[in-house]
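Common to both upcoming complexes is chain A, partnered first by chain B, then by chain C.
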Partner chain A sequence: MRGRPYELPIAQPPRLPCRYPCSHRVRCAPGSLTLSDLSLQRRSGLRGSDVPDWLVQQGLPRVDTPNRIEAAGEQQWVMALSKREFWMLDGNQTALEERPASVAVTPNAWPLYCQHSHVWWHLSGDDRAALMAKLCGVDLSEAVFPVGHVAQTQMARISVIVAHHDWQGVAGFSLFLDQSLAAYAWSALEDAMQEFGAC
Partner chain B sequence: MNPRLDAPYGSLIDRNQPRSFTFEGETVNGYLGDTVASALIANNHWLLSRSFKYHRPRGPLSMAGHDANTLVQTASAPNRLAEELPIDLGEAVSGQNYVGSLKRDWLRALDWLGRFLPVGFYYRAFYKPFGVWRLWEPMIRHMAGLGVANLESQPPYRDKQYLFCDVAVIGAGPAGLSAALEAANGGAQVLLVDENTQLGGALTYHRFDTDVESSTTLLSSLHQQVLGHQHIRVLSSALCNAWFTDHYLPVLQGDRMFKVRAETCILATGSTEQHVVFRNNDLPGIVLCSALDRIIRHYAIAPEGDVAVLAGNDLAYHTALQAHDAGLSVTAVIDLRPSPDDETLCEALATRNIRLETGATVSEALADRDGLRLGNIMVSHLAADGSVAGERCRIACATLAMSAGFMPAYQLACQAGASLSYDDASAHFKISGLAEGLFLAGSVNSVHTLEAVCADGRNAARAALTALGHNADTPETVSCTARVNHPWPIFKHPKGREFVDFDEDLQIKDIVNAARQGYRDIQLVKRFSTVGMGPSQGRHSALPTARLIAKATQRSVTETGVTTARPPVKPELLGLIAGRGFDPHRHTPMHEQHLALGAHMIPAGTWRRPGFYGDPVHRERWIREEALAVRNNVGIIDVSTLGGIELRGPDAAEFMNRLYTFGFLKQPVGRTRYAVLTNEHGVVIDDGVAARLADDHFYVTATTTGVDRVYRDMLKWQAQWRLSLDISNVTAAFAAVNVAGPNARRVLEAAGCDIDLSAEAFPYLDYQEAAIADIPVRMLRVGFVGELGYELHVPSMMAHRLWEIVMAAGAPWGIRPFGVETQRLLRLEKGHIIVGQDTDGMSHPGEVHLAWAVNRKKPFFVGCRSVDIVMQQPLSRLLIGFSLSPDAPRPKEGHLVLKDGDIVGNVTSCEYSPNLDRVIGLAYAHPDDAAPGSIIDVRTDNGVVVQAIVTTLPFYDPDNERQTL
Partner chain C sequence: MKRMQCPLNGLRNISEFVYGGQVTTMPNPATCTDKQWAHYVFYEDNDIGVMREWWLHAPSGYWFIAERHNASDEIVRTYDASECFSSRVDFSASETAS
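And now, the complex of A and B:
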């Protein structure tokens, strides 16, 4: 394994719960790449045929096309993973201690535990598609995978959801992956970032 | 070092940066940009290696890395091509495949013994008389192979990267450059791949016309446009080594393999120059015309001594003219034909006082005094039928450049399903039958004049644009009448040594004899003679072999064909195929806490779990102590790896009832139930615990390694049944610990659990929801290890804190964490099976004592019909418990159970039980031996058979009193 010079002093690769402080970040040469851990930020999911209507009732956008992400306010998004599965992402709130709901919000809208099942990372920078090309077989270049698109694919042989959207005004990829694979995936990304000048 | 030619010669070298290296222990000087081969030639050192079979001296042939003549040894690796090896490698270089020294190879004698070593001799020798092979084998093994592998060498970091493009253009010669530009101008994203460091292909070394300026200007123009184009990405020094379906192209560059996904692909791979087959055509100093062109133009080298050119086409004349104009002493051009097609070439030679011998060939090359370099050539007349008709003259020369024609670089196209057909008129192979979205451009498409090559490239790009749905200009008319191939550049000599295949030292007689022995098919010829099986993969031997076999079998060359082209095009490093290894592994939220406690982590599927806590040297001790702690006090184990699946909806109970063997319709809310899953064949494939959280809500656990399959099966059945429920795999969302032991209840009470944990309020097999220090907990009273126990399932982000709280609360009791190896022992004492370990692909519920978990009254569950059938059959084996004294040889999992010497089963689990002070285990045995007290034979290591006593299950706490406390 190559050395891992971090921007901030981090003793170990990310892992629960020390994975969650948002200060955890790897940055490459200026403007090239930044990988941030947003796992503290609030995210919830719903699945079922009632969900699209329920979203509208809540004043959230109705995303009719699967694998798309739309802004739902300042630092808030609705991500459609299918016609009946939606994730709500909230960059304004943290949710470390929140009890996950398991009871249906309507007869056909079941909550998902994505706050606990998936970590949320954000990869920004001009070389983000080139970096992902080292780990993922889907073309994530801007021309093919513009802002607003979502890919449910594989990265370094594990499942990952890649959402292309702005974070604090900067376009990048949100990566959602199984929390138990976080240490592995982080090291894979970090290793791939080396050639871009990780520092 | 000889002085180099002045610029513009030497396009690849930097004269301001001298470099040196050692070859065979001697220092060789050169410049940055030189290869090992070019630097050696510049120092008048043409001998690079020894041939594979006869140990003949060999030097560069193609200067393009297309042959095995220049395979050399470096400190880190053998078989490296000197034409591609940079001078500043930093490693000592030597020749290979010799005994003694490169110049004085003792095994050179094999060349004189050649008549006793015909092709295929090894198929017929070495095995008679009986037993003699043992004498031959070590000798042959010693001589086999080339070079010496450095087993201490540390491989560099190698990885892979995907690249995506609309059009992949393979080859950046004039056709490739033109195609790339046309495609990019048409709006396509283009990837241009070339194996050379310099773009331009033949434009960088060949003079297409007597007018030198035209090709130079064209190269400069194309170069500038391509490099400045925003839609073109260039990969130079990159080898496209295969074509796979849908234009999936592995491209090797440095230490990286690019996995290119292209919408369309243009092959502008050019063509490979062919040698003339005559006696001693392998002497160092005999090169292809393109090789001499490269030596002059790329490396500014003027080889010492006189130069002759053997021409089978007009292009060879340009080599002679270029060499002369660069200052080389060109003594003669020998043309196989009566005259060149372009008569002005004769004038050009005459102007330069270069002798022209037409209708002649080189019939024999003669070595210099040392026998290591060309010294003279014997020129002979050619008869009308193309045969050698008598000696004409002898010419002294140190370098002979030859060109018999060209063979399309067909490998990638043929990998894509294209076929080759031979055109007798042009004596040329042509490629047809291309895959969809695949196009040819340039000389690989049998187009050779510069103007036509460029036009062909543009046409290929237009076809690619059309295939992509872009607008494209109308194709240009491409016409090329140039004849570049001589129909029979093969000249047999009474003394032989006319090499067809340099890699394998195969001569004309070897190929012809293969046909005479009945190997008519080119594929059989290849396997019998090994022609085309060397590193060059038939680049130079395929065409003459096809011609020789066609003639020997009286068929056409098209009928004869060439051997199948398979990936890779050129030898590639296994390290590049492997790339960076990705080995996903999963950690539970408490991983760091386990490490801090000194856990010995072991793999469990993709998970890393504590096997036990302590150093592995004292494994038995730690497991014993942990087991005793659970039995006598309290322990805690991380069971987050258990699969978790939620079924929510009105039909959740109906789904459970159909899927699992037990009945679930009447399972009360707040109770758990053992759940066994069988497949359609009645085989037990998984088990777990199903907790009913609400009428419409089940939380089901599955085995660590089985949950993905269970979830997949659930989705499959749901797709058929279309019941009203939602199925979620929540394995990652919930982490879990099991607090077990007589003091478990006290520890959880001390931890602040907010519910009544008494046996009355929370009995065995109940499910309750509680909170421990505000952490929401799903609590299951289960007894996998056979003690009072609580499984606590919590949201993953909170599991780290839960572990801390329980450990702190348990400190007064001396709570001890225990690992999965200890858990396996504890459950073994209770006779609980582990699906996958104590079951196999044939185990039905009856064999593993799970008949009680099968509800025979309900109308259906997955596998019910098969379960009914197999359980009505007489048992052929039965899982039984056995025990042994502690000092008996301990059986291992997989050891065989015998009955009257026949195999009747195997051991599935076996451990020493400190609680029982016995070795205990589970094994499949014959049903006749299943009665407690029976004796079974178990064959252990080294064939030692031990006799184990069949024991009633469970071994420990037979009345299950401890887990129901």
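And now, the complex of A and C:
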């Protein structure tokens, strides 16, 4: 029987010091659901009234509607959490080791610490909405939560950001939640996955 | 479960929200008395009726205003704080030092 990713010792410590033993190990359920840990991939955030214009200057898409996510390239996305808060996700690069600067990028665009505060998981599979329905009060079915939508809500009673987008060509939910709650949330997802034939 | 309409995130379970107190007018911190400031910070009117209240949608960290009857718990309306507050209030060092 495979061990749980968050209880396994790390043979090769990742370059990024983590507060929990995350890795790229994947917990999978063949044919139905796959839960992947992308926490070591790069993500950064900005908050402020100047951020939309700054994104355009960087050649990134301007996402004007809150709670939406748009592709910004191959394995790259911009996620709008409000009219003034945006996260940039980069699946091609590993996470930055240093902390983001505490100074404004522009007068009204301040960096956020989402790399260091939130884990990044990706849940794919046809039953992903049915699985989340066991843990989350928001309807995440395709009809009301299509690709490109984001929900800031609770999962298993903890705060989570759910973003519906493709990862390596497969649609699924990216989950962002507090790193200190990662072990609990992973076990809650694993427990919920049992119903769907998880290995 | 009760539900509340979040202006940013839509209809959500009430367990996702945190009450933040009544919306009251802030006195000028440079000219008001300590008693006036203490009343603003620590006291509420405790009337019964439809009140304007601060509420937080915790998963998104979003503060907004709700008009709620504090006896029947009926939520009349929720809206972004920008409907009431259009400008930022900055506090100078001299005003916050004492």
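Heads up, the rule we're going with is that the second predicted complex is superposed on the first by the 168 of 199 C-alpha atoms of A that agree within 3 Å, B and C clash if a C-alpha of one lies under 4 Å from a C-alpha of the other, contacts with A are read in each partner's own complex, and residues count from 1 in each chain.
Note that in this section a residue touches a chain if its C-beta (ideal position, glycine included) is under 8 Å from a C-beta of that chain, and two chains touch if they have at least 3 such contacts.
For clarity, every value in this text was computed on a predicted model and none was experimentally measured.
Of the two partner chains, chain C is the only one that A:T153 touches; chain B does not reach it.
Touch criterion met: A:L181 reaches chain B, while chain C stays clear of it.
A simple residue count on chain A separates chain B from chain C, and the partner touching more is B. By the touch criterion defined above, A:D139 lies against chain B but remains apart from chain C after alignment on the C-alpha atoms of chain A. Within the superposed three-chain model, A:D191 lies in touch with chain B and out of touch with chain C [touch as defined at top]. Overlap of the chain B and chain C interfaces on chain A: residues 137, 157.
On the chain A side of its complex with chain B, the touching residues are 2, 12, 15-18, 20, 47-48, 96-97, 99-100, 102, 104, 110, 112-118, 130, 133-134, 136-137, 139, 141, 143-144, 156-158, 178-184, 188, 191-192. Residues 157, 159-164, 189, 259, 261, 580, 582, 584-589, 591-592, 607, 640, 646, 648-649, 693, 697, 726, 728, 730-734, 774, 776, 795-801 of chain B are the ones touching chain A in the complex. Put simply, chain A touches chain C in their complex at residues 66-67, 81-82, 137-138, 151-154, 157, 159-161. Partner chain A is touched in their complex by these residues of chain C: 1, 8-9, 12-13, 15-16, 57-60, 62.
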